[in-house]
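Right after this note come the structures.
Note that chain A is present in both complexes that follow, paired respectively with chain B and with chain C.
And now, the complex of A and B:
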């Protein structure tokens, strides 16, 4: 039979038994008893990454990264090509879901204390993966070259320009010139489709290797010396793989449902001469964007960059031995406070510079998200200026 | 497995085909995964198939003004992603694909000799696009031309 023939072909050339043993060891690797549904979030991030790569490659076939063609080519993908709209929507929603799933994955790791010794490096690489994914989102957002993308990128790079001493240099480097234009689209394109995918790929390989090599953390306190290897537990296959399979299909369903029922509008083509009202970054940047508003430029940037920094070096700051969340009250309080801060700032950012109706009264939110009662149907007031001036 | 083999030795051959519950579920799962993957593959392949390959455009497109081309002269234009050669004779304007049917070089109009020549491998075509000499295997495709109000229109 052909199967036997292939097997013997390889057996004559390679040490198949040894390889099979390694694979078997990985497949049947025992996982600790505390492995839960929340432990599938990591593989779901990986699935979303793979999905982004495939849909991204498909989009690349028709996309053209120039000021003239970018918008039209995306429009072409959405209207003319077979199912192109679906691939674009799955790519766009995949990006958003990836950030949510990554965040939940980090949250799970935080709550179960898995980042503690000996897994500090796994956490640091994971945090780097999260921030690189945000950069992925930022660079990809510009590529359709529509009004929202153009101005969000203008504002975003303007913020980088406020960094002391080297800000202007960074801004010019990001934009490839004085203003967001053709050079910016080329740069963002290169970063988005070549540099980031490969950097992410190798970081994922390192992250996964460490996860497999050291095993999943238990809920036991950090052991003083080397952590003992787990001999018995829930086998990876089929027990955990089954969970992953179930969550995978749910996620796939959510992804496609959102892509079809809540599609992203392409909007209007970018017009460098006309700033639309109330420019805001994507939702995942809103908390940081809102935070910056409450402080003088320099202080704001310093404070907002503290958050990510603390997150990256968390395992070296928190040297407590306990992993069980019920035995880490301070960590849990800080975590909840951080979450509330993020959600609160995000919501303030979302309502800032909008008008909303509550109980028949119209409120106008200024850039700080503070509501002011105004009469219904009143015209726009002085305080409703966009937060950033358009570039000259 | 061993059990069924034992039975085969004595029992009828039909038993050999009996499927266990385990095999059935195995097929269902593998079949399900395969169906999912092929369901994803088909739209991707259909998406990759050239959109423009569905036939020529219906409309005529303006490619030049009549004044631009003297009698006996020519103009090369680029339309719908391919190069075209316009030649003005005493009576009319003719439009050919400027892509040599041999190896795809762009052909030129040799006015004095009244021939279309390919610079790469010395292929020669006449004013009807037919091969006169050289290696080209097929005549040059021609396109309908209309001249309206001094403007040249071509239908691809």
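And now, the complex of A and C:
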């Protein structure tokens, strides 16, 4: 009875049938036959974004973005507030997982050639979303105001300062002064909790609109004219939604398990007078950070900025008609090479300036990731490979 | 000294006089009574090296202040002529008075910020009393401070620098023949070296540790009497002294039957305070079965227990910190426990189990609170991990249900895909 009353209340005011039809059209929208488990990664990125917003709001209740209070407030969240530790850990792990899931989503799009005509703009917005998520990570990393955060931000903003002509301006703009301090934390906070969430929100809306409007790409080659609309296929609901549900639960489980079993340490409060040894950025910046080390400053910055640029304009560079990866050997080779480069540089970055034990021998890795055997008797080191002289 | 050296020295004198004339002319010369030229070293050149580093030489104080004579004269005869006050090597009594001429003079010493009661104190000391009674074996200023090479007390090379002082005293007090004349032991330094104070000072170079003068005084050195020992030790061990005065032993001490600290700890051989003392020293006066020994045993038990609890709780907090648990509140509480355990050490000198038990109770209760708090935090972490089991069980149920539905949909007749997409 109530249901009928509500329905008639709305029917008297709005064109309910038309709205129902639109919703039905979206819900039952046919998806191409090639829709796979990997096609759920986009929705998972969205889920992680929502999770970040939700946990972020909870953290905001207690977080204080000042040099004095930031560290203490995060510690308070982790030790005193009800379930605060869980929200902080889920937020921290969510950020890391979001970058992984976004990367995998982009990789799937690259392999299936979905970025090609007519979905170039969807790709460009997607790439922008990925880079903005990295900025999200960079700005959020500083907020707990611990030693690692402080020095990683100092190094990160220093790299920005090396950009020709406007580097110094950018560095000062980011830091709000000569050094990372109270002004920096305010700026990063505003960018992290106000600017980026809204920018990301509107870009996600645009990205999703294009995905729904143009439909999921098939594996067919690019059509010469306008792509025909798909009339039949796998229905979005319930078929694909069931798959998304399964992946969602796995991701949720992984997220909470990591938050509990591998919690992020808060470490020590930032101390501008005490520089820790071997400062490194977060793992997702390591390949870029390592790349810069092998080149002179300007060349390094130029080369590392080429990667993202190529990624953004990829649909306009690769104008091949084929989408099937087996028919795009050059694209696949380049993709694999890029992937290997990222993984290789990331690993070199991870081991650089550390000591590791292999088969009972201790090796020390220099900043270039070159291992040197440490002799047990004296603290001297012996290079296993001829030392690589970095170009000047 | 050969003729050539004399010529050089004479040349130096002429040069110095020249400089002096220039300085006086320009008004730079100091208007003191000290002669500006020390011609004594022309003949006594062997003294010159010793004097170079001495504080007196640096301050322009020449030989005549102690030996008389006129160092401004160019010949030996004129310098030691009658009327110049030349006395040669002063006697011990003369040394005390000669040093006092300046060091007991407020007007002179005020400029250097040095106290002026040394001579007065010396006269009250056993050394001073004996000296003025005609005993020249006793120590006078130069025996401890040196003669021509006197360094400031704060100079590590000085014979009276805290690290060197006990060895300086031992020069006489370690001399068996000399000490036997006064019926004094000559092995004090050897005993002191093995004591807690001696090890701290001589091995750890802790200049704050007690040496001879800390108890006996320096210029007014006297052996502290039986009733003064507590005061002497109490200069550093203030709380021990305070609590001792509240103990039952005070009456015995006032009657001269009990020598405050020494009775239990000894004097020169004083060892690090240990709980073993309860077993070893109480029974010197009290019966091992008596009520006094029992009270001692109670205190000993409380001290041991408090220290053990502090040790085990500290280890627990440290381990929890290694495990990644936030232990700041517990660390703060631990500081308060440490303070109480430290305070128990002087408090035990009251020999009152009731008083000691007040702190003991606090220690036990605080450590129990810390242990409980750490245990709860560990339990909470364990529960978090345990919660993963039902969470994954729920997730598996949900995944299974969704998967079953998915399979069911795919098993629908007519839902089999032929691999071709139908397009308009």
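By our rule, the second predicted complex is superposed on the first by the 375 of 392 C-alpha atoms of A that agree within 3 Å, B and C clash if a C-alpha of one lies under 4 Å from a C-alpha of the other, contacts with A are read in each partner's own complex, and residues count from 1 in each chain.
Operating definition for what follows: a contact is a pair of C-beta atoms (placed from the backbone, for glycine too) under 8 Å apart; a residue touches a chain by one contact, two chains touch by 3 or more.
This one's a predicted model, so the numbers in the text were calculated from it and none came from an experiment.
When both complexes are superposed on chain A, chain B and chain C fit side by side without a clash. Contact with chain B, but none with chain C, is seen for A:81 once the two complexes are overlaid on the shared chain. In the superposed pair of complexes, A:306 makes contact with neither chain B nor chain C. Of the two partner chains placed around the shared chain by superposition, neither chain B nor chain C is touched by A:195. Once chain A of one complex is fitted onto chain A of the other, the partner contacts of A:333 are absent, as it touches neither chain B nor chain C. Among chain B and chain C, the chain that touches a larger number of residues in chain A is C. Of the two partner chains placed by the overlay, neither chain B nor chain C lies in contact with A:343.
The superposition of the two structures on chain A yields an angle of 60 degrees at the Cα centre of chain A, opening toward chain B and chain C, reported in steps of 10.
Contact with chain C, but none with chain B, is seen for A:230 once the two complexes are overlaid on the shared chain.
Between chain B and chain C, the minimal CA-CA distance in the chain A superposition rounds to 8 Å.
In the superposition on the C-alpha atoms of chain A, no part of chain A is touched by chain B in one complex and by chain C in the other.
Considering their complex, residues 32-33, 75, 78-79, 218, 220, 228-234, 238-239, 242-243, 245-246, 249-250, 252-253, 256-257, 260-261, 263, 265 of chain A touch chain C.
Looking at the complex, you find that chain C touches chain A at residues 324, 326, 384-385, 387-388, 391-392, 395, 398-399, 402-403, 405-406, 409, 417, 419-424. On chain B, the positions that touch chain A within their shared complex are 43-44, 46-49, 51. Across the complex, chain A meets chain B through its residues 54, 58, 61, 80-84, 86-87.
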